[in-house]
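Sharing a structure below in structure tokens format, with a few things to ask.
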């Protein structure tokens, strides 16, 4: 089993945030790997990883980082694969990492999701892989259809709340 | 020729910003379509477009919008395809549209690029399609390799600037 | 008893914030309903709700959402009724949801109140209904007159604080 | 003919922004008045205006102000009528006036629209009046239906743009 | 003993923040009064207070408020006395109240201090009164001279911290 | 004639902004002086100025500066006189200078006015001097009363604008 | 042993943040001193310190301050030595101190590090001293090489996390 | 003549901003070089440059970049030399590049100057080199002393402005 998605985080302290991504890929049976690499502390390893990812069979890279979050952009500059950036909230409410990831110069995009939104990063990765994989395409659709069930259940809970002038 | 990428913008006034995306797709010979649809003014058309995009053979949707930019998220909620969001700068330096696009709730990601960064949106679309298309994969790599030529040329210009204590 | 006000929230986790709205409407004896609907997870239900609200007798819709808060705007695009938006604080101190609700494009207004300000949303709804309902108009005035009593009571508390050079 | 909507602006320099509101009300044949009153320079006049508005037959007040924009909130504190606030962009990209209008304390709502969004303020006023006036309700619906025509026309323009790989 | 300084706060919940102001005035033996008045809930009382403050012998008014903080500006519009504004942190880190107080239009200044900086408001009040009162002028100077003692004492504490390469 | 107010600006490029302050003091016949001193480029001169201001008869200091605006705070730390700070807009829409002036530590207040609000600084200076000077107190009241005339005149202009459904 | 680095903080409450700087210098055996001096409360001491630092053999000054953080800039204006500024997070998420330190006017730079980033300030100081000190240059290189070990160790931890579809 | 300072910019469009740095180094007779290198478009060249800078005799690196400005941090991660970062204003008033440069993770500092503040970067570089070079140390002091002359000259200009109540 070779991984299709590679999750990279700048620090292991980001693992609690990134767990939701791992769980989603596991649920959709998409093989993945998780590693910690720092754009600033292990630049050589980041380069080696980025240059080899495609030939190792990786399809999509999810890179998470906080503060002056360079990791997603640095990886994106050294691979033709799509890179999804997850801004980690570590300071300034996460605004610094969001801007440091999304505001990439022309030529080197990073597909950015919301602050700490690792689940959305994993869904996006699945959507990209689904473009060429019918089984995963089916799983993505099933997942999306399931989203409304939570809301339906939620509504049932709200129905139990009573006020004198509340209807229904 | 059926389009693989669909560019949707909230208003035709966004066309000057989105032109760079169209040019890039044209250059890479990726068939695309461009339309204006508004999440708020033509919700029925947005729904119809979103629900049919996959069956029409579209692979990736690029959606651009300004201010309280709902278009990318609304489309993303009604299609299993990956949606790339381009925040248009129309007010507050574009910060409002960036946040309204990137801060999606869990379950419905939008792959967000920088403010007005339509070129990056198109590159990202090509990278996604390249996952299952070797010809486009080759074009993406060639484009990425070409990026450094501009910098090399730039350096030659800088070399011509002279100061007494400037070396080289 | 048919509801005049419909409170919609993007997630049941917003209920603690929205409770103040429900209590106010109950106090003023304005029939209302509460439901959870997500612009992104249940778009079809949101559309059905929005298109039918007026014919069901609803006069005003209060829609609460956090982050990239599209719910109020999406509803507003599909109903002629006035829609009041409540930005929920879920990230970035609530600034993202505030901007995603208030910065609507020309043609589709959302009457936005402050971050987490569900009470103010309910008062605003009552003020709107009061335009055509004398009983509710009376209740609104009575409520507004009562506001100053809290301040008067507060002043009495402050009067008990003593400092050597404090007068009164 | 007695005015149903009263437009108040903090300074006549706001008139170019507020003109869109006047034109909309004119188009929908809703009688209105326009005046300049300053919360800070003419507090007595603001009070007199606010206390008498309802008895003069005014249904909705639209108040526009920039910077530390107190006018909408001050009026709202002295009338039971719904007050719509329009933040004027005069400094800090309009963020100061937006916050000074929307972040009202519990008990005194201001229905806030986007920065410089006077057209949306007028539409909202019409929507409120429409709750008790079938003719205006009809006009509002007609206006909303017309919004999509602009987008349709826009699409026709986009269809004329040609690229080699553009489809349609 | 007639008060020279009047401290007004928008809500008694601001008292813990404003206590430092009261203590400072007490320490400098400057007679003062404290009251809660709301620009929005008790506009008539605010007007009466503002119009009478000067004739009651008040020299300086300190007004504290949070969120869309109108109280200082509203008072300033109805008195010739200098008004010191204290932005209270209640939402958005206090940025909303800071902007709503400091960004006053031309003609109606509010002397604004930092977020929650009630001590500085009281010192400023003392400095103003000191312009015409030699005894208070002496106290202000004495207070200012005392500020450096805390730093000197702090330094003594730091001197006790030992590191191998720490000198002194 | 000895100056009562001293206007200090960090750079002569601030003079166009500060001119409104000079004109106001001139109009109220309050003797003043204007100088350029930089907290960073001429620290010795700033100290000499600050330490001597009171003994030279100065009552209030108005200090204007942009960016990391230290001038008002540095002066305030070396004089018992009240210091009014004017944030100059030179970068970041003036937000940097506003925060660098207003967010002073406990013990050293700066009475801050709005961004570029030099007129308000001068009015505030006059209000402070008026506490001990009946002639200036009279001028301040007269000035404040005059503010509403502009609004009245403005209203007359608005009255001339005609729309079919505009009343009055 | 004479100190090469002088750490100055605006308040002893900053010591917990600055401890990391002291520890780093200790580890690299770079003699240093720590003192508390306030730009506003002890301006004379700050001046004396700044003017004498170079002749006492100090090579680099690290100055930490919060809010309207003037200390680093004031010191920089009175010494030819490089000054490193550490913005302390005390309000507004530290954005105020960051801007008040980094946005210095032309002519007086402060080498600014991240919010609360005292370790980075110490590393920067070591890098500067290393320019003329081979032993310290060696220590800096060794420290930088060591950074990647933490990431390697982190990766080993991540390797232990198991999911069904996790590879490696 | 070997360069002591290396100025790197992410794009030649930054040259107008960086010219002030070149001029200052020229004026102080500090040999320097200028090149354009992009962290994202020429990562291999950036690495080669960073790894060799020290052995080529470079003492300090000045790196300028805009938007998601990774260049200074990426260089800092691959050299033991001090790196000075200049945030270029290209979007969001330069706030994005400021945060992307200054908010570096622990271990890899970048000495950040203000937005577009290339002159300050050059002065800082000179100050660092001056630590081990008496001639440059002398030049730095002379430059700093010269700063106050501009202010003195500025004051002479202000002295020519006349108002009736202006003194001096």
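Letters A, B, C, D, E, F, G and H mark the chains in the order given here, with residues in each chain numbered from 1 onward.
We adopt the following convention: a residue touches a chain if its C-beta (ideal position, glycine included) is under 8 Å from a C-beta of that chain, and two chains touch if they have at least 3 such contacts.
Not measured: the values here are computed from a predicted model.
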| item | value |
| --- | --- |
| Least hop count linking subunit C to subunit F through chains in contact | 2 |
| Degree value of the rotation bringing subunit D onto subunit H, based on Cα positions, nearest 5 | 180 |
| Selected from B-H, A-B or A-H, interface repeating F-H by over half of its contact pairs | B-H |
| Label of the chain whose CA centroid is most distant from the centroid of subunit E | B |
| Same or different contact residues where subunit H meets its copy subunit F, judged by the half mark | different |
| Distance from the mean Cα position of subunit C to that of subunit A, given in whole angstrom | 34 |
| Geometric centre distance via CA averages, subunit F-subunit B, whole Å | 48 |
| Interchain centroid distance [CA atoms averaged], subunit F/subunit G, Å | 36 |
| In subunit B, residues with contacts to at least two other chains | 11, 38, 40-41, 67-68, 91-93, 95, 102-104, 107-108, 114-115, 147 |
| All touching chain pairs, where touch follows the definition stated at the start | A-B, A-C, A-G, A-H, B-C, B-D, B-H, C-D, C-E, D-E, D-F, E-F, E-G, F-G, F-H, G-H |
| Subunit C-touching residues of subunit E, taken from the complex the two chains share | 1-3, 11-12, 15, 22-23, 25-26, 29-38, 40-42, 45, 67-68, 91-93 |
| Parts of subunit B lying in touch with subunit C, wherever the complex brings them together | 10-11, 38-41, 43, 47, 66-70, 73-74, 76-78, 91-92, 95-96, 99-105, 107-108 |
| Complex contact set, residues of subunit D against subunit C | 20, 59-60, 80-82, 84, 98, 102-104, 106-115, 117, 119-121, 123-124, 127-132, 137, 140-141, 143-144, 147 |
| Complex contact set, residues of subunit D against subunit B | 93-95, 114-115, 147-148, 150-152, 154-155, 157-158, 161, 163-168 |
